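Following: one structure in structure tokens, then a few remarks.
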Amino acid sequence: MGKLVEEFNNYRTKMNDRIMETSNTNIKRFFALDTTTYADGALDVKTKEMLGLVASMVLRCDDCIKYHLEKCYTEGVNQAEINEVFMIANLVGGSIVIPHYRRAVEYWDELSAS
Amino acid sequence: MGKLVEEFNNYRTKMNDRIMETSNTNIKRFFALDTTTYADGALDVKTKEMLGLVASMVLRCDDCIKYHLEKCYTEGVNQAEINEVFMIANLVGGSIVIPHYRRAVEYWDELSAS
Amino acid sequence: MGKLVEEFNNYRTKMNDRIMETSNTNIKRFFALDTTTYADGALDVKTKEMLGLVASMVLRCDDCIKYHLEKCYTEGVNQAEINEVFMIANLVGGSIVIPHYRRAVEYWDELSAS
Amino acid sequence: MGKLVEEFNNYRTKMNDRIMETSNTNIKRFFALDTTTYADGALDVKTKEMLGLVASMVLRCDDCIKYHLEKCYTEGVNQAEINEVFMIANLVGGSIVIPHYRRAVEYWDELSAS
Amino acid sequence: MGKLVEEFNNYRTKMNDRIMETSNTNIKRFFALDTTTYADGALDVKTKEMLGLVASMVLRCDDCIKYHLEKCYTEGVNQAEINEVFMIANLVGGSIVIPHYRRAVEYWDELSAS
Amino acid sequence: MGKLVEEFNNYRTKMNDRIMETSNTNIKRFFALDTTTYADGALDVKTKEMLGLVASMVLRCDDCIKYHLEKCYTEGVNQAEINEVFMIANLVGGSIVIPHYRRAVEYWDELSAS
């Protein structure tokens, strides 16, 4: 596992643990909903993770992009497919998405090298 | 075809025609790119239209939502599938998406009744 | 009850009913969470509704603004207080919020005249 | 003056008057700042209004777009120039800007016909 | 004072000083307005800072979140109260807010340990 | 060339090269469009770069801001002019832009010192 992936996952795990210690019931429910929403259903996990990725890209949230990139990678999204997700994100969200796309390519390269 | 669908498509066609009359070369290229991006490729049109829909919902653009809803409907996205796209949009984008979700349901009902 | 308030509430009720008929379990949970979040707790309902209002204003969602304006009105937020919420929204969100502020003033006037 | 322009300006004037009657000192200062910011300075009014327009378009605020379009028209921005502003807005903000661009073209046509 | 808090405040002070040296009159007025808006008024400072925090969270501005978190802490917002602000931000803004919420919890922990 | 400018440009070049190696035809077209849009035309490059800057600031994209700041500097935008662009961005986008404005001032200082 590459350095960017490791750092992101470690921080995410550490703070999610802290959130579970400190948060209230509604926040815990919101986090639970965040998990069940991406579970296999009428749409498969691969499609849902691509939906989560494109939503994260047009909203320009680097951490959310990293999370869904890893899930997409695990679900077997290939280079040609991820490029088409990237293109939709750039088109819909505009050139303002490009810096996030650069970082996404770097992260995807690290995932692919693992 | 229902009233909401008809009004949206008529206005869209009218103004796109006017844009083709008045715009410059770069704008025409941008519109061409907007078409080719959603063409069948590594991902099929159905998946791409769901990606376009979820991106439009989290960015809260009613006209974009209407456009991709009709494409999703034509591509055979069913009720259970569209609900899962709606849920991802609501979750990622937050309760601020709900008013757009309401109007999306109304538009989807009209498409489904046609 | 004024015309704007009536139209908004009627459409909201109609479509929320339709959502309850057509949506999936996760969406229903999300809507339930949307209700419990604003319930009386460590912060009182009045404070929470002002928080919901300012969040809706900086995100520029007219329907969300209308909803929280009515709740604020019912909770007894007075003119001087609502002005301070409006000011924080305009300051944080910028002049892009002003058109939404105009419509909020019109809606608040209608609520106040009831 | 066309119908869209008239309706927008009438509502804007009516509600700005109401805001001056009901708002607090900070809001009045914010509105004053909104005026002085676009005054002739190191940059001329024409350039500033194009800056206001492109900012309004990428933030997708139809009323703000209408306001700056009229100012741009009055300042003598021509068709080729406004097209280049439109293109930057579409490129930076993405295809999500297109519905606002359609309405901008309609409004610009009405201004040009006056 | 913890490391995150110190770094943020030092950079903020340094650059605000530089802004006061280089900016124009309108910018100075805007900064003055940013101060007076949060002063004690019809709403108390504690409420206003929670309003500033929730607005900053849904707009996903980490620096703004840090600033208002420290003010909330100083004004005596307790853990149960800040959790309810966090929940409203997550609900209204969606899961896209979660990475900012993680960093907010880390910053709040540092403030609380001081 | 200062450290911030160098780091930004190096990373941007490295990842743009990687994008040209890995991306698809539509993405390459989008990047080409991103270049031609800012070319000299009915509006000169200086004006277009200020338009790109203000759009980047209200959308709060630090990397985009850095890119257009350097272009503005090269095109001869002076301190009084850049301040007026900064003011329009702060006014339209709100106080949420201020942290990005701080970093923009730091970057502009580095460009000016070169």
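A, B, C, D, E and F are the chain letters, set down in written order, and residue numbers restart from 1 in every chain.
Following the convention adopted for this analysis, a residue touches a chain if its C-beta (ideal position, glycine included) is under 8 Å from a C-beta of that chain, and two chains touch if they have at least 3 such contacts.
None of the values given here were measured: they were computed from a predicted structure.
Show me the overlap between the contact partners of chain B and those of chain F.
Both-contact set = A, C, D, E.
What are the chains that chain B and chain C both touch?
The common neighbours are A, D, E, F.
Can you check which chain pair, B-E or A-F, has more C-beta pairs in contact?
Greater number of contacting C-beta pairs: A-F.
Centroid of chain C to centroid of chain F, CA atoms only: how many Å?
Centres of chain C and chain F (C-alpha means) sit 36 Å apart.
Report, in whole Å, the distance between the mean C-alpha point of chain A and the mean C-alpha point of chain B.
Averaging C-alpha atoms per chain gives centres 23 Å apart.
Among the residues of chain D, pick out those that touch two or more other chains and give their numbers.
Expected reply: 26, 30, 33-34, 37, 55-56, 58-59, 64, 80, 83-84, 87, 90-93, 95-96.
Help me check something: in the complex, which residues belonging to chain B touch chain F?
Those in contact with chain F are residues 26, 29-30, 33, 36-37, 41.
Would you pull the chain C residues touching chain B in the complex into a rising list?
So the residues of chain C touching chain B come out as 11-12, 15-16, 18-19, 22-24, 26-27, 30-31, 34, 55-56, 59, 61-64.
Show which residues of chain F lie in contact with chain C when the two form their complex.
On the chain F side, the touching residues are 58, 90-97.
So in the complex, the part of chain C that touches chain E is made up of which residues?
So the residues of chain C touching chain E come out as 33-34, 37-38, 41-43, 47-48, 50-52, 54-56, 58-59, 64, 78, 80-81, 83-85, 87-89, 91-93.
Flag every residue of chain E that touches chain A in the complex, lowest number first.
For this pair, the touching residues of chain E are 60, 79-80, 83-84, 86-87, 90-91, 95-96, 98-99, 101-103, 105-106, 109.
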